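Two complexes, one shared chain (subunit A), two partners (subunit B, subunit C).
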Partner chain A sequence: MTGEKYAKASDLPAELRDRLGALVLVLADNKRLLGMRYSDWILGAPALEAGIACSAMAQDEWGHGRILYAMLRDFGEDPGQLEHERSSSEYRNMESLDAPARSWPDLLALNLLLDTALSVQFEAMAESRFEPLHYKVSKLLDEERFHFEHGRGWVARLGGTAAGREAMQRAFVPVWEACLRWFGPPGDAAGLVLCQEAITDRDAAGLRARWLERVGPVLASVGLEFAEADSSGVWRSRVEPDWDGWDPEARRGSEGGPDPDTLARVRGDKNRPLLMD
Partner chain B sequence: MQLGRAPAQPAGAGSLEAGMNFAAVLAETRGGRTLPPPPEWDGPPADLVERAWRALYEVSDPEFPISLVDLGLICGVAADERSGEVRVDLTFTATACPCTDFIQWDVRERLLREPGIERVQVEVVWDPPWTTARISERGRRILEDAGIALVT
Partner chain C sequence: MSDSDRLWEVFARRKRADAFEHIGCVEAPNSDLGRVYAWQTYDEAKWFEMIIAPREAFHCVNRAEQPFTLHPSAEALS
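Showing the complex of A and B:
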């Protein structure tokens, strides 16, 4: 790692600060919404243990969201406004989180694919020159370890039956495509700047490759053919990301945002009079 | 300001008796009422940093009968002798710890009772990340005696 460290956002050159602030908001929103999607399954998961795991994973995601929103204060944002006052279209979450996971395989797609995509982005910031991130990543990834194990275990379990495999195949397609896009298109300006400035250590293509390396083998082990290893052992997606409609700001492939019920819950509308700092 | 270290403590100090009623402990520990006595110190504290560390041995975790120092949540203490300002670097066991506010209030409230401490700044840090390895030997004995098994 070369170059000076940045102790706070105001030390960053303006363009870098804007790019990084945008990334932190994307991560915060995805964490907050993913936590809600886990919480939707605390009751009604296929096993009591799975519901309890969802509860623990929701708690982790909200803890990470809280840290990330708070970090944005230093970027000139008001975390309270970000958390409680925005409209749906102002959220920066992946489209797969707009509405609750309808089935357990849908939830597993978020658990294994989407949660891992977020972790891959954090891994790339473990040695970030932006110290406020660098100092938080190892705790956060430590808490994420069992999320991946949980997803992997359930994919193996459902993968033991033809019906389970078929259900996962159907459920994983849209989340696969959303995650594949999420890292950004080739030559993505934001990714390049962050990488050149050593805020992250991988660009969009590098992040996507790392993600494929993590999730590809898990799916292949139960015969789900989303990715395959080429002759040199590099995991490649069988489908190419579709950039039609790509929104670089929100990092999603279609317009939209959390549905009305999700929005009301994520903002805490019901308890607005009780909000405390 | 210089970051200080936790002062060395006498061996075997302050372990709880075996067979205690854990539910009663949980009900009573807020405010440190049944916290095991802090280590016995030799003489008065040498400076404000040591004074603060000693006081923090009397602040209980909200859930377990163990001091924040023994639990490993205190990552550093710095003090300005002249202004009486103390900075505490504090971490939590989990990023979504539901007790973050209680713990910070308790730290502030206890330190401000010390002579010479005029202001307290609590800094939440995540590096080093908390793991059970941060629990002190004394803390391990306390938790064991309270019937709490540590998964490492």
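Showing the complex of A and C:
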């Protein structure tokens, strides 16, 4: 990518700063809540090793979330307020993270589909002109490689039986639809601005195509027909994104936010008297 | 350990100049999960390199079930 680098948020033109700040908050909220969803399965995972993997992935996600919230200080936000003081409707997470994953296939949908969607967005910022992000992406993706392989490994395992495939089919539909929407509609203004200014290297349609290219073959390998490659090898979703009710700020298709229990946990309500900073 | 799980032996080295040491094993149905579980389970060091191999790739050297003999017919007699 070309053009001058931005060392800090105050160097960015106003519109770009607003757009990027909004994206960082979306990513931070999704990371924080995804970490909670992984942590819900540390105990009760189908194998001891899978529980350990959930613990490691939760730590990774919380680490990423913490870095992103801290980054928002530079955008004029108060990370403490963002982490501990917001109401449910102020969160910018995908609807699939509002409540705990009820089954292992539900968690696997978050692991393979949603986690990969976030990674695709980060990967598009590996060469970002906004240096604070550029410097973080490489290590983050090193960790995310194992999250993707965990998802792919479990899809292969559950895909070995008809019951496993049916369970994944049911669990993956709502998360597939949420992720397909999450990148934004074609021509999405925020995506275009960030792409034109080389903060990201692709727009909403490009990000969605990249995501399909990553997850489509994994699902197709076990006969889950969410996407297929066309004659030129481009992976396309079998369903179109549903833009009814699309909220561009929260990047979700329905109103709402974390459920009350999730909100209390994600904000740290139980330990509120102990907050020192 | 379910029927589809296999044992994977885990080896790692801290520095490029180090020899690999055996650090443990994990149970996983495929190499994708074996690699993930190994990396996430044995995270006590900042490893330079970690590798895994399925247990059945290893061949016993000195723990043969039959005593050693130079007489091929002896095996049939035992």
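Everything that follows uses one rule, which is that the second predicted complex is superposed on the first by the 276 of 277 C-alpha atoms of A that agree within 3 Å, B and C clash if a C-alpha of one lies under 4 Å from a C-alpha of the other, contacts with A are read in each partner's own complex, and residues count from 1 in each chain.
As a working rule, contacts are C-beta pairs under 8 Å (C-beta built on N, C-alpha and C of every residue); 3 or more make two chains touch, one makes a residue touch a chain.
For clarity, every value in this text was computed on a predicted model and none was experimentally measured.
Q: Scan A:Trp154 for contacts with subunit B and subunit C and give back first, second, both or neither.
A: It touches subunit C, and subunit B stays clear.
Q: Quick one: is A:Glu49 in contact with subunit B, with subunit C, with both, or with neither? Answer first, second, both or neither.
A: second
Q: Please indicate which partner A:Arg265 is in contact with in the superposed arrangement: first for subunit B, second for subunit C, both, or neither.
A: neither
Q: With both complexes overlaid on chain A, does A:Arg86 touch subunit B (first), subunit C (second), both or neither?
A: Touch status of A:Arg86: no partner.
Q: Counting contacts the way the document defines them, which residues of subunit A are shared by the two interfaces, the one with subunit B and the one with subunit C?
A: In subunit A, no position sits in both the subunit B and subunit C interfaces.
Q: In their shared complex, at which residues does subunit B touch subunit A?
A: Residue positions touching the partner: 91, 94-97, 125-127, 129-131.
Q: List the residues on subunit A that touch subunit C in their complex, please.
A: The touching residues are 47-50, 52-53, 55-57, 146, 149-150, 152-154, 156-157, 160.
Q: Which residues, counting only subunit C, touch subunit A once they are in their complex?
A: Touch list, subunit C to subunit A: 2, 4-5, 26-30, 32-33, 35-37, 39-41, 43.
Q: Sort out for me which residues of subunit A touch subunit B in the complex.
A: Listed in rising order, the residues are 59-60, 62-64, 66-67, 134-136, 138-140, 142-143.
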